[in-house]
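Submitted below is the structure of interest, expressed as structure tokens.
Labels A, B, C and D are assigned to the chains in the order they are written; within every chain, residues are numbered from 1.
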Amino acid sequence: MTNHWVDLKNSDVVMVNGSNAAENHPVSMKWVQEAKNAGGKLIVVDPRFSRTAAIADLYAPIRTGTDIAFYGGFFNYIMENGLYHEEYVKNYTNASYIVKDSFSFEDGLFSGYDDSKRKYDATAWAYEVDEEVPWDTSETGAYSWVNKPGTPAFAPPVYKKAKTDPTLQDPRCVWQLMKKHFSRYTPELVSSITGMPQDVMLQVWDLYGSTGQPGKAGTIMYAMGQTQHTYGSQNVRSMAILQLLLGNMGICGGGVNALRGESNVQGSTDMAMLFHIIPGYNPTPKAADHPTLAAYLEKTTVPNGYWTNRPKFIVSYLKEIYGDYATLENDYAYDMLPKFDGTNHSHIAMFEHMEAGKMEGLFLWGQNPAVGGPNCSQERRAMEKLKWMVSIDLWETETAIFWHEKANVDPTTIDTEVFMLPAACHYEKSGEVANSGRWIQWRYKAVEPPGEAKDDLEIASEIYLKLKELYEAEGGANPEQITKLNWDYLDADGHADVRKVARAINGYTVADKMLVANFTKLGADGTTACGNWIYSGYYNVEDSWEDPSTQPTGARDNTDNPGDGLEKPIGSYLGWSFAWPVNRRIIYNRASADPSGKPYNEDKVIVAWDGEKWLRNDVPDFGWNKVLPDGTNQAIPPNTTAFMMNAEGVSRFFASGNADGPFPEHYEPFESPVENQMSSTQFNPAAVVVESAAKTRGTYEDFPIVMTTFRLTEHWQTGGLTRNLPWLVEAMPKMFVELSKELAEEKGIVSGDNVVIQNNRGAITAFAMVTNRIKSLDVAGKKIHQIAAPWHWGYGSTCSVGGMANDLTVNVGDANTWIPEYKSFLVDIRKQEV
Amino acid sequence: MNLSRRGFFKLTGASFAAGALAELFGPSNAFAADEVPEMRIAGATESTSICCYCGVGCGMVLSVKDGELINLEGDPDHPINRGALCSKGNAQFNIRNVYDPETGELMLNPARVTKVKYRAPKATEWEEVEWDWAITEIAKRVKATRDANYTAVDENGVTVNRCEAIGNLGGAALDGEEGYVVQKLARALGVTWIEHQARI
Amino acid sequence: MRYIQRHSAFARGLHWIHTIACLSLFATGLILFIPSVAAAVGTATVQGARMVHRVMAVIFIVAPIASMIISPKGFVHLWKSLFFKWDADDKEFMKKFFPYLLFGAKQHMPPQKINKSGQGAVDGVLIFASVFIALTGVVLWWPEFFGGPTSGLFQWSLALHSGLMILIGIIMLAHIYLGAGIFQPYKGSGKLMFGNGRVTESDALYHWGHWAKDELKKGDNVIVE
Amino acid sequence: MAETAIMYDSSKCTACKGCQVACKQWNQLPSPLSSELFEYTESFQSPRDLSSNTWLIINFSEEDKEIGIDWNFMRNSCFHCTDAACEMACPVGAISHKDNGAVVIDQDKCIGCRYCVASCPFDVPRWDEAKNKTFKCWQCFDRTSAGREPACVSTCPTDALQFGDRAEMLGLARERVSELKAAGFNKAEIYGENELGGLHTIVVAHRGLEAHGLIRDPKIGLTEFWQFLKPLGAIGAGATVLGLGFSYFMARDYKRGEYSYDEATDTVSVKEVE
């Protein structure tokens, strides 16, 4: 979330698209209701009528997987009808930037496409360069730290400043290119693609478009309905573009808000439990691009904006992980970080790798791919190729028992050894979790884990210590990678102490081991260690480091006070826990005020320039204050650098960093009932299709029904944490599928029947729930039926078992993130013969 | 006079001498004193935590008596949820404890795994094992796999120090510190296949 | 002295059984009817009372049915005795009965047959009430066979059961008053059912003039001591 | 203690069932542990109905529309009537009104007769066969006595459930109904203001009572009738006893003569007794 949960109350219009907040984030509705109480409106765009739609002011049905068409038409409508926030667009976006003429677009393809590799060369999409600005590394320069002793040598990058046309008239400027690109998305065509009735669509566009007026706020709440598509990243880009057009980014009640589905999926992403990043959103070293630390720093350090500080974060990170072993001489042990070969190592690819027999062992820390993976029957089969598996969990998940006869397999044919380690639940241990609004909140242990269960930290530590012992005693492949690891987390009894890990993540000075205040104190010279720079400041009180409740993460001041000089608070709750970065609650908040620093909404001020200083209801997200050499503060007067994480300092309508194009473009899902009406490019040209997916691709002729999956309030993810809880099973006991009355009649199905849903990847059974919450849509002149089922069920519970919806989903991923296209695929449905 | 019927019954009842006969004319309020029951969490130790389900991050208060969890509800001081919890949030109590449907007694959720288990190749069921044995055996397997599948230098002569034969999945349900340590451990083994729920 | 054997041992036994059943049903029923009584005796006693009520209800229902089977002749005799045509004496009796009852039995009562004229009516009501209180009792005991406690049948049964209890209770009071001879003119009647079942010549002539004469004439049931 | 009430506003309810589970959590109510004991309900409403171990559920009903549907939710639990049929019906005084209006079953006194089950117009109290007791919502009387909200209310995310002074809740409900009417919900109305002497669960039914499955003008019905038998019985019994007493008094000195019969002459002679 760019904003946070409480801030939803500041919205004038809330658009829920690709999420189901009332069911999957029920307490978020507290704040949506607050917005409604204050006269705000709620729009829900969803293929199925959800419990969120039940309290919406406006519900718009849409064919699953057609969001970009919906947004593209919306952009066109906004630009045609002048609904955009002109001052905002001109000052805080790259609308005026001139794009090189090597950029072009034709019939669904952008320039630079290589068909054989299914890849774009993004250099075709660059800006015209106005001027090259090198780093000032002189003693008084902003980048003098590059020459500090201890700093690894690297060639500082050069910032290529782009040409602009502030009048937005140049035909090569982003604004004109965008107008041209989206002019193709007419209401008629968009309605024909999405199946959304045109009158409803225009109502949505008018209502949400009204937030383009300065001082009005619109927010988008999205989740997997947007990301789980082969163009999911472009869906998110579309939302960003929409919010920028309407001036809704960086303001109270605005933003692009990803509703995180797990209590710490934000945190585990922050901690880089992913192949492509290391902690703090730094890229994982790639063998070809980053053979040395210097190469890494040169290639990954952004030439302008806040990411120019990346070397400080990287060196501090290396100092944390290898401690004293990391020295300037050995490139701070950079080589000890594994470098991957640059290929896709995402979830889908991992199981292809496993299927190919190239993976021997698998650790599972509370994940259950046997139910949660795309095309998960294939994933279960892949697991049979493992030599060993370690499942650390509270329950015997479907993955932990993938070899059992409950999984409908013959155990005697499966050679995998499986270790099941009983884990403590969240209130049986202490530690921090980061919510969707980036609030890092401390959880305190309430009770001891039951039986022999242990917390994951202790389990990880025991495994590490045993490995260290083995490698110290026997040697092996590169033992130093393990034995030299800094593992300064143990208490006097040799058990892992979560508070010591918190110290490492927050960061400390190497010389005297004092916690640093925040990441502005980090250096690239090896004097500081910090596990994850964005968390720096969450655990920084040295004197009472043993007591988390005295740390920023444990802060519990729940008063909502206005900042000095301001009249009204905005619900920031700066005294409650700690939000990364530096306790900032609404990011990009500079954009809430005009270029002169006057807030667009005087009632909901985040920051305001009073002529001498910045008044603040939140931590500013821009250069607002300078600490002079003598230690005094100096206010920085307003400028238009509202997006300092981008080298341009402004936000991007046109973004060259995407694998599948600088502008969003509508393509059909991997499995689609219709031909693409926008171009002859049917499917996202940059999305990679693995072999097992290509083999099972279904056609409309064989599988004429569009299916999507969803989640329920009463259950969660693969069900381990809910199908084993009797109160929840009682509240939603059985696997079912929703189908419309019309389709049910066609198929001779009534509620309560057992039905079979089938495609080339599998067949599942479920109870029929006949309801007009989901209905057919008119798409390209055809009647398209949609059905929907939850994916919470599996075979591993004593309270509730049922068909696995993911046996049917496709293992094709988004072109940028490789997130699988769970939300749109083809099936057929029939009544089960008794 | 605005008398509800209940009030009326009370009055007519009271006009009779106390005794059984009066009872024939109205409900039995006279015999049901308003005794105030003590809340069952009185005297319990309270601590706060954050819900384990979605990303809203609702606060909750846990009450513990004699070392056992007896109550879990929304934290009224929490600025996001202000005491509220959804059905899942309330059911977190069941992650540890349930009430026996037969006796109504508090008991550990029988589905919780509380013993270390091992499944040998081709085995049809688990066997229970000791922690130390399991940790040692796991470490041995990791070492064997790592040592046999380790790439120190790739085909271009770049030091890569990786092991592609081990995967590390999960983390969204862990605490941040745990996540940090788990990925740190995985990377120290040279693991490049590190993924979790955020990807799917 | 001459006596007439009015009730057989079997009839007296049955009456004994029914007396106990009725009284205990009434007493235990009253506990549920008057909440304060229940509150006073405590839940355990109430539950005990409900058990007793059920056991007694079974006896109450089974005893007359069993007697019909064991002694069908007696039953037929009894049944027939309830139905007879009222003659002038009967009408006069009923006209005079309440003044007789209330004003010191100063009335001269006309002679009666084996059953007094009002008796048949009261017995008819009683049998009818008993059958219904038994049927409604069955519904209250096993509501699940009758659509559950929320069904109209259950609610009606509850209402009827209570109403019939009142009716039967009042009849029972009158019956005890007269039958046990508390009413002075009826002194000695208690021996009929609770004694040897014999009625003296004098009492028989007083109560059931026509019947007594017939019996004395026939002599089959006349005992001389 | 002033009269208090729960207010349920259906227009704010998202049917998250937080209340349903919070009720079980606080009141320590078990659910089955085995899959065979759960049934598919063909709806999001589950369990289908209240039970001795489920004192509150959210009811779901759907009405078709051209775009989407009307999905109507209702909190199904005890209304805590002022004229509480259950309380009248309870033969042992186990059900009582608390001063704040809550209607509470004292489990120590309950004998499981199910008269309350029979009498409740809302079909709320539920009998447990094994325990032979009847259970229902008690408005968390322990919590409210300690100044806290009932568990269902304190857990409600959207303030669709509120708790407080009954008059104040009615005020809020009236205000909300006019807001809803202004917003186009023409059928919005209040439930519980006067029904059965006034309920202690006030409902704002934004699509009208029928859409939310509420009984318009609920009646106690037969319960009242058979309750009426109690005083009637008392009067009848009293009158009988008085009448018989009078009879006894009048005839207390009566001495009957000695009757004898002479078959031969067919004459009855009476010898007066001194």
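Simple rule for what comes next: contacts are C-beta pairs under 8 Å (C-beta built on N, C-alpha and C of every residue); 3 or more make two chains touch, one makes a residue touch a chain.
Every value quoted in this text rests on a predicted model; they were computed, and no experiment measured them.
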| item | value |
| --- | --- |
| For chain B, the least number of touch steps when starting out from chain A | 1 |
| Centre-most chain, if every chain is reduced to its averaged C-alpha atoms | B |
| Whole-Å gap between the CA centroids of chain B and chain D | 35 |
| Rounded Å distance between chain A and chain D, as computed from the means of their C-alpha atoms | 50 |
| Chain centre separation in whole Å, for chain D relative to chain C (CA means) | 38 |
| Distance from chain C to chain B - Cα centre to Cα centre, in angstrom | 66 |
| Sites on chain B at which at least two other chains make contact | 21, 23-24, 27-28, 31, 72, 81, 84-91, 93, 98, 101, 110 |
| Junction residues of chain A, two or more chains touched | 26-27, 30, 713-714, 726-728, 731, 797-799 |
| Chain C residues counted as touching two or more neighbouring chains | 33-36, 39 |
| List of chain C residues in touch with chain D within their complex | 32-36, 38-39, 43, 46-47, 50, 101-105, 143, 149-150, 152, 154-156, 158-159, 162-163, 165-166, 169-170, 173-174, 177, 182-185, 187, 201-206, 209, 212-213, 216-217 |
| For the chain D and chain B complex, residues of the former touching the latter | 16-18, 20-22, 24-26, 28-33, 53, 82-84, 87-88, 90, 92-99, 106, 130, 141-143, 145-146, 148, 151, 154-157, 197-198, 230-231, 233-234 |
| Of all residues in chain B, those that touch chain D in their complex | 4-6, 21, 23-29, 31-32, 34, 36-40, 71-74, 76, 81, 83-91, 93, 98-102, 104, 106, 110 |
| Chain A - residues contacting chain D, complex | 22-23, 26-27, 29-30, 33, 49, 51-55, 59-61, 197, 200, 713-714, 726-734, 736, 741, 751-752, 767, 769, 771-773, 797-801 |
| Complex contact set, residues of chain D against chain A | 11-18, 20-21, 24-25, 30-35, 38-44, 46-47, 54, 62, 64, 67-69, 71, 73, 157-159 |
